[in-house]
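Chain nomenclature is as follows: A, B and C, assigned in order of appearance, with residue numbering initiated at 1 for each chain independently.
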Amino acid sequence: MSRVLLEAKGVAKHFGGVKALRDVSLSIRQGEIYGLIGPNGAGKTTFFNCMTGLYVPDGGGFTFDGAPLHADAPHQAARRGIARTFQNIRLFGNMTALENVMIGRHVRTGAGVLGAIFQTAATRAEEAAIRQRAIELLHYVRIEDRAGDLAKNLSYGDQRRLEIARALATEPKLLCLDEPAAGMNATETAELRELIEGIRSDGTTILFIEHDVKLVMGLCDRVAVLDYGALVIEDVPAVVQKDQRVIEAYLGA
Amino acid sequence: MKNGRFFRSTAGVMAGAVLLLVLPFVAAMGGQAWVRILDFAILYVFLALGLNIVVGFAGLLDLGYIAFYAVGAYTWALLASPHFGLHLPIWVILPIGAGLACIAGVLLGSPTLKLRGDYLAIVTLGFGEIVRIFMNNLNAPINITNGPQGITLIDPVAFGSFKFSGTTEIFGLALTGPQKYYYLLIALCVLVVIINLRLQHSRIGRAWQAIREDEVAAKAVGINTRNLKLLAFAMGASFGGVAGGVFSAMQGFVSPESFSLIESIMVLAMVVLGGMGHIPGVILGAVLLSILPEALRYGVGPIQTALFGRLLVDPESLRMLVFGLALVLVMRFRPAGLWPSPERRRELEEAGQ
Amino acid sequence: MDIFFQQIINGLVQGSIYALVALGYTMVYGIMGLINFAHGEVVMIGTLVAITVVGTLVDAGMPVALAGLGGVSASVLVCMALGWSLERVAYRPLRHAPRLTPLITAIGMSIVLQNLAMMIWGRNYLTFPSLLPRLHFELGGTHFTFIQVVIVVVSAATMGGLLLLVYRTRLGMAMRATAQNPAVASLMGVNINRVIAAAFVIGSALAALAGIMVGTYYEIAHYQMGFMLGLKAFTAAVLGGIGNMAGAMLGGVLLGIIEALGAGYIGDLTGGFLGSHYQDIFAFVVLIVVLMFKPSGLFGEKTGDRA
């Protein structure tokens, strides 16, 4: 069995009286595709937000890559190697597709104000490398021909791809996708699946939230189900699919 | 074709440079007062480009920018005037002024930059007022700022024995004080333009734009938004400090009156009215807004007399009235500013549909 | 201790005035997210119109009480019209413009109104006619005047009426709905234009009342009086949590009291180093400190990042 990359222990989060997450513990192993599913409002996105530092959990915590994840500042999560996309796509709309991916390189590069002002050799080399890598990533997600277009003018499917490219630019160990297939048709979903598998085979671990149960069951190595903020089950798809509690949660019985 | 464009733009830059070089002599034909107006226009360009880093690049609404200008101005005034009997040289004072302004920026910014836009605006505005009130009142029990009377007889800018006040003859050309300051200010402006341009197209500039577009997404890709905002704030403040020092030396006199809220608002108006974040636009805004009130000062009275044979209304209030109306009208008909960047104009057109 | 209660009374009076003006800022901000920088000038216009109308009526031989009533009505009406036109002419065309555009327009309008006022009323200080009898009271060593009582009572009554309007009428409901989400409110049949206009008109009426109170209290008026007052009132609105009406009221009163206490005690607190001319910094220092710990103001809703 490969080693654990991310471990959540007893994560809790409440908003006022609403308990969005109750004592959620799960572990994601290096190199797997891990699905997080559950009905609407089950706490999936809240879990993402706690993990990536947008929310501070009220209880419990995360261990990532062998060290505790002090995710009190979101940028630190990215630095540690966790990249994410958003359910409702958050691109930098008035920047070009290429620039969006270049932004993703920020955390792995270091040119500062003085370098920029004096245009030092190191800064120029770094800038060229940033651009080069961004172009490669646009190729990788197959939207290289849209490099110069403003992100907001891209089609929905291309925006999803761009968001993934931007996340990949941060060189993540763990890529978290929040409902990447939402709003996609069958062809686009198939292409997305291919993309996700490709990313995994390059060595990146993937965690994703999805509604499309067929996609999750077909793609994931393991699946966790959340309901009312609590973990129902964490296992391989074949087991999860047959679990009585999961069926009830989805049918609302 | 590319060559042609290169040639055209080089020719344009050359023509612009020549124009800038001879401008103080053209202005001098109308009297040294006009050269002084020109000096102030350039000083405002410098200030506005400094504020542009804060407002235009990082998207932080700063309504107390003039406080940093005041810090620079008072630093110069206290370190180079008979008030404390100190007469330190420029390469000591200017860095101290910029440094103090920078520290003031960090002190104000570090606890407040997490506030959302309009709250930050009112906090910076409050800070500006606090600084002004202190300058007004720090004459007792220990006389530091000399209160509302301000500080006089401030040393001019000088490099060794070359002073920027008074007339000097260079290569048979008589240069007046304001004309010399003009060239100094132009040099400073060229510097700040280069800094603005290079920052805009750098890793840092991109990160600022990302923060402006979507702060949450910027954090998610690993941008330390707090530090980058603080960086913009501190840089803007330092430029304000430098401008303040030069202002102090050029005027030979500072008092709290020069650092009121309306000055902060004026500089912000230059940035927004010109075209936020777009360097040529900001320059245009600063030149127009600093020259317009002066031009009106000279124009409003005589025009009234010519039209009606006498002064109907107080020229001073009429000129400010026209100025206020101009702000309103420009924003009404060019909401993205007089000369916005092409991308911003496109954004606006799309939003309007 | 005497100073303490005395300053509380003074602060309460000044604070009621701040609260009335702060309401104007907060209503407009709550509904359209605009800092209406020209609001302080509306207060100033209210004061100056009252001076002119009362003066004219008294000169025409009208008894002071009646002239005062005429002055108040005229001032309120003029300000309401002014508020309505400001919105219609200056701000409405910019509703979809970049965020800073209407701010610059507001600043422009502020400059325009100040200078118009200077043309009409001149650059000198004007004396505000005394409309109320100058009675003094004493209660347990604390002094206060009839004018102070009237200011506090009228402010409280006005604010009570406003709360009734906002929470008990259809217009109020429409205003609250628009503040929550303009797009949805408009889909539900709320006439957004009318709601925004109402916010401006009501805010300006309150501004006129506040202006008359300032005039009555300090007995002078000036074309630049609106600026600092507006700034303080806006600070009060932010202190309370901008967009929140109860917050604006409490923020106003709180700011008034803090200022009064600060002015009364600053000398003692700093061992005589800082005197009462530092009164004006209290508002801003308190504001900065409060926002450092409560980034949405004392009573503002928490607006966290959303993913």
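Rule of thumb we're sticking to: contacts are C-beta pairs under 8 Å (C-beta built on N, C-alpha and C of every residue); 3 or more make two chains touch, one makes a residue touch a chain.
Computed from a prediction, not measured in an experiment: that's the story for all the values here.
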item: Pair of chains ranked first by number of touching C-beta pairs; value: B-C
item: Farthest chain (mean CA position) relative to chain C; value: A
item: Intercentroid distance (Cα basis), chain B paired with chain A, Å; value: 43
item: CA centroid of chain B to CA centroid of chain C, Å; value: 32
item: Chain A-chain C separation of Cα centroids, rounded to whole Å; value: 48
item: Junction residues of chain A, two or more chains touched; value: 54, 86, 90
item: Set of chain B residues in contact with two or more other chains; value: 216, 219-220
item: Residue numbers of chain C (touch at least two other chains); value: 305, 307
item: Chain A contact footprint on chain B (complex, rising order); value: 194-195, 198-199, 202-207, 209-210, 213-214, 216-226, 231, 235, 343, 347
item: Touching residues (chain side chain A, partner chain B) in the complex; value: 52-54, 73-75, 77-79, 83-84, 86, 90-95, 99, 102-107, 109, 111-113, 115-117, 119, 123, 126-127, 130, 150, 166-167, 169-170
item: Contact set on chain C toward chain B in their complex; value: 29, 33, 35, 90, 93-94, 96-105, 107-112, 114-116, 118-119, 123, 231, 234-235, 238, 242, 272-275, 277-278, 280-281, 283-285, 287-288, 291-292, 295-297, 303, 305-307
item: Contact set on chain B toward chain C in their complex; value: 55, 61, 111-112, 114-119, 121-123, 125-127, 129-130, 133-134, 136-137, 140-141, 215-216, 219-220, 261, 265, 268-269, 272-273, 276, 313-314, 317-318, 320-321, 323-328, 331-332, 335-336, 344, 348, 351-352
